[in-house]
Amino acid sequence: MEQTKKFMHVAEVVSQSRLTEDICSLWIKDRDIAENARPGQFVSLFTRADSRMLPRPISICETNRNKGTIRLVYRIVGSGTKEFSCLSGGEPIEIMGPLGNGYDLNCKEPVLMGGGIGIPPLLMLAKELSAMGIPKKQLHVILGYRDNAFLLDEFKKIADIHISSDSGAIGRKGNVVDCAREEDVTGECIFSCGPTPMLRAVKRYAYENDIPAQLSLEEHMACGIGACLACVTRTAEPDEHFKVNTRRVCKDGPVFYAEEVEL
Amino acid sequence: MADLSVNFCGITMKNPVTVASGTFGSGREYDEFVDVNRLGAVTTKGVSLTPWEGNPTPRIAETASGMMNAVGLQNPGIEEFLKTDIEFLKQKDTRIIVNVCGHSEKEYVGVVERLRDEPVDLLEINVSCPNIKLGGIAFGVDPVALEKITKEIKKKARQPVMMKLSPNVTNIAEMARAAVAGGADALSLINTLTGMKIDIHKKCFAIANRTGGLSGPAIKPVALRMVYDVCHAVDVPVVGMGGIASWEDAVEFIMAGATMVSVGTANFRDPFTTGRVIDGLNSYMEKEGLASLSEIRKIL
Amino acid sequence: MADLSVNFCGITMKNPVTVASGTFGSGREYDEFVDVNRLGAVTTKGVSLTPWEGNPTPRIAETASGMMNAVGLQNPGIEEFLKTDIEFLKQKDTRIIVNVCGHSEKEYVGVVERLRDEPVDLLEINVSCPNIKLGGIAFGVDPVALEKITKEIKKKARQPVMMKLSPNVTNIAEMARAAVAGGADALSLINTLTGMKIDIHKKCFAIANRTGGLSGPAIKPVALRMVYDVCHAVDVPVVGMGGIASWEDAVEFIMAGATMVSVGTANFRDPFTTGRVIDGLNSYMEKEGLASLSEIRKIL
Amino acid sequence: MEQTKKFMHVAEVVSQSRLTEDICSLWIKDRDIAENARPGQFVSLFTRADSRMLPRPISICETNRNKGTIRLVYRIVGSGTKEFSCLSGGEPIEIMGPLGNGYDLNCKEPVLMGGGIGIPPLLMLAKELSAMGIPKKQLHVILGYRDNAFLLDEFKKIADIHISSDSGAIGRKGNVVDCAREEDVTGECIFSCGPTPMLRAVKRYAYENDIPAQLSLEEHMACGIGACLACVTRTAEPDEHFKVNTRRVCKDGPVFYAEEVEL
């Protein structure tokens, strides 16, 4: 995918709410990012604390081009996300984006497989695919939760939904791949985002079923734009420029074809 | 506009601000945010004779007012570097400082020789690389090894040679004197302090390499002290760095004796840092009525 | 309550938490905020044979996630110290670690001898003091000097001797081995990193002494790396310190190999830190089902 | 003076306002400190930023024992005071106090000499002296400003006011000592707080006129309670415990008799 222009702004928080005990939904006003973002891209959020030097990468969950706003859905896991969770409407936030490549949308019958906090970017993807004309029953979405569901109703409107959870508290007990197998969900290509063990399972599943799969990866980041080489992932083939078997998640990714990367 | 220019080893830099090696790539990626032409110089990431893989991930971790990295000097090797990075930089109106790394004298010298006829203004030699012969200990922590490698490099280099000192030593002035005895035309410091972080929940090192190099505002006091010590021990010009994030920080380093300053980790927090530092220095000079930064250099 | 006790050089400490020398006085002032009886041990400020003046002010400066100090070991000398500080501490239900300083072997040994029959559990020898014979260079940066002074002190000491290592060295493991070769029963680290700050408006050093010792969360990664290196180089027990401000930090140091931990600069930010660390360690042990902290010590 | 008990709380900001462009007046609810504070004592204010480890010492400018509140008046000079200046009613603030010794109030005809940001503690002192029965015309106050006046009206109600300023913009041009000389202000004892050069002048003036003077000093602090020995000042005589010629500003001070200290 060709690279999009990146912006860095002090943007304004529109509103924030809680989806579950520890998952927050944050709307931010940023027309440039809203207009340029593609499904699978992410932003860097900067914390206010000057003791924290590094940006937090968060996927774009939704955009509203009319209002010029973007939505981020994230789990509170550490110092930065805790700080973000206290933001409310009107407050400023430093943001850089849109970053990364995003998914390749060319697909007639997609299967979206999202686990945990990998689910949010799939919402933007599903909406975009739906807007491109893919009918609800051909737009398969498998969501894997830890325990409590979130964003579920929004997917239900446009997609054929399958659910699993670690605990079995909601949907089938197990992960998204177990769910795909047991509910026999198939399609033309897979789009996935979630924790690495899940992506590993998706990769295997895609290989066994000979379906192309795009996986969105996570790595710790510093620059977020490809300069520092903090965020590489191992690849099957040497990188064209770097000559070694790694590629940058922030710039060459976060989305890779399953066969490109070694997880 | 005040006259921000400085003379560094006979090279005129339009201002004293460059970037710390490894934090800015070769400027191609930051070009979207920073007008690279405004920088006094771009210091490239480290380049070696052949492609280097670097370390496994996680390569970085955040720390209080700082970060650690163990990128491990991943780079595509000198040939690809010339084709892409130098090709990009030579179209810019800024000086080019190439950061050189190697595992042995031969590797360093190989890169330096290859750069002889390239449009490169200054060589910065990163001696914090693991020295194969010394069993993986860095060249930069042993004054004898440092003097020797400086000599070998000087024999082959066409551009002025700047040795980049490691702060992980008992006596930084001794290291500076060793580099100068070996013929160094300039010095830059500090590289990162070796640190460690443990993930107590996963019971593992936060960085795959176990240890990483600490950088950022956290280390600024150590960096400033070492720059001061070095500038008062030897007479070659110095590029000061370590936690610089504002023009005030830059002035501190200049007052301690630095001729140029590098912005490193601060680029990650705010990609516009270099521009803010340049603008701030300009206003400062105008307000103080300084004709040249040399009026405040080493005033302490 | 989990069993937080640790055995340190044969002494049972009810928990592994003490305070860093110089940040807590002898506990008299903090007594209004902290129940001193809860601490595993109190480590006193440095005491010398005769009263020391200390440095001129300003003696401290704030830095990013840290601070610098050049208090200069002001203290009333051993006699007054015994009358007031030890008198206060011996009424408390906590172990007493006395931090000892001197300008010469003779001064160190004088203090150590004077403490022979006092109710003191452990001696911590601060070898970062300027050594008169070595021209003001600290004892703690030269392995030969360190081994020698350790030997001299061990000859006269009744209590176990813990040498406190300076981080301003190239090879901390080498220093640890030298101290142990000299007979050290234990080691503590790290002391402060030498730093500098310049007041650019007043054009002067922020600290009257020019340089100061950097402490606080900023230095934690360096401290942890050195504690790890030392615990993997020698077999004596270690008190780890440098930026500890939470129970999580304490666990990191224990996982790196420390038997005890000290809270220093964090006391200034929050005088209740020691209590929070002890409570946090207790909950952690209960949650993890640990019978002893030795189960996680040096697991990395 | 005997030591007072010290408290450390997360207190609540009642309100904040600006007195001049860079001088703020902050009311904080803290019953313990309000009830125990004496004129000349100070508090340690802690910043929220976890990159800043040290407390900021600020003198107590006024207390309201009924409401259990204290007032601090401070100038924005750096990172900490800048942060405080953004606080508004209802927000939490960490505070420790009351700290230090305070003034010895035993005096029939006091002369208060305050310079710049040394003026605020003199307001509490003046109020206390006034409440002790010292009539307005016997309560002399000389205020030295940089340029803009602050707290002036509050002093005017209870004291005989004299004013000087560096620029001459308000009152007499010059410092408080020049003003005392020129307006021939005398009394039984001097209470002073202000920048060190001014205190030096006050000390000389007091010596020449043989009036006892109490000076409130400033030093950079870490613990604020006497433990770390960061904040010492040089004294004429050796300290009883420390045996050397220094005393701690945070615990033995901030108020010293002029002849005790060497400025």
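We call the chains A, B, C and D, going by the order they appear; numbering starts again at 1 in every chain.
The rule is simple: contacts are C-beta pairs under 8 Å (C-beta built on N, C-alpha and C of every residue); 3 or more make two chains touch, one makes a residue touch a chain.
Because the structure is a prediction, the values reported are computed rather than measured.
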Partner chains that chain A and chain D have in common: B, C
Chain whose mean Cα position lies farthest from chain A: D
More contacts between chains, A-C or A-B: A-B
Whole-Å gap separating chain B and chain C, where each centre is the average of the chain's CA atoms: 34
Cα-centroid distance, chain A relative to chain B, in whole angstrom: 36
Inter-centroid spacing, chain D versus chain B (mean Cα positions, whole Å): 47
Touching two or more other chains - residues of chain D: 50-51
Multi-partner residues of chain C (at least 2 other chains): 64-66, 216-217
Touch-based graph of the chains, sorted into line, ring, star, complete or other: complete
Complex contact set, residues of chain D against chain B: 50-51
Interfacial residue positions of chain C with respect to chain A in the complex: 64-65, 217
Sites on chain B touched by chain A in the complex: 22-25, 28-30, 32-33, 45, 51-54, 57-62, 64-67, 69, 71, 74-77, 80, 84, 216-217, 265-272
Residues of chain D that touch chain C when the two form their complex: 5-6, 8, 46, 50-55, 96, 219-233, 241-246, 251
Of all residues in chain C, those that touch chain B in their complex: 63-66, 68, 141, 168-171, 193-198, 200, 203-205, 211-212, 214, 216-222, 224-225, 228, 243, 248, 251-252, 255-256, 296, 299-300
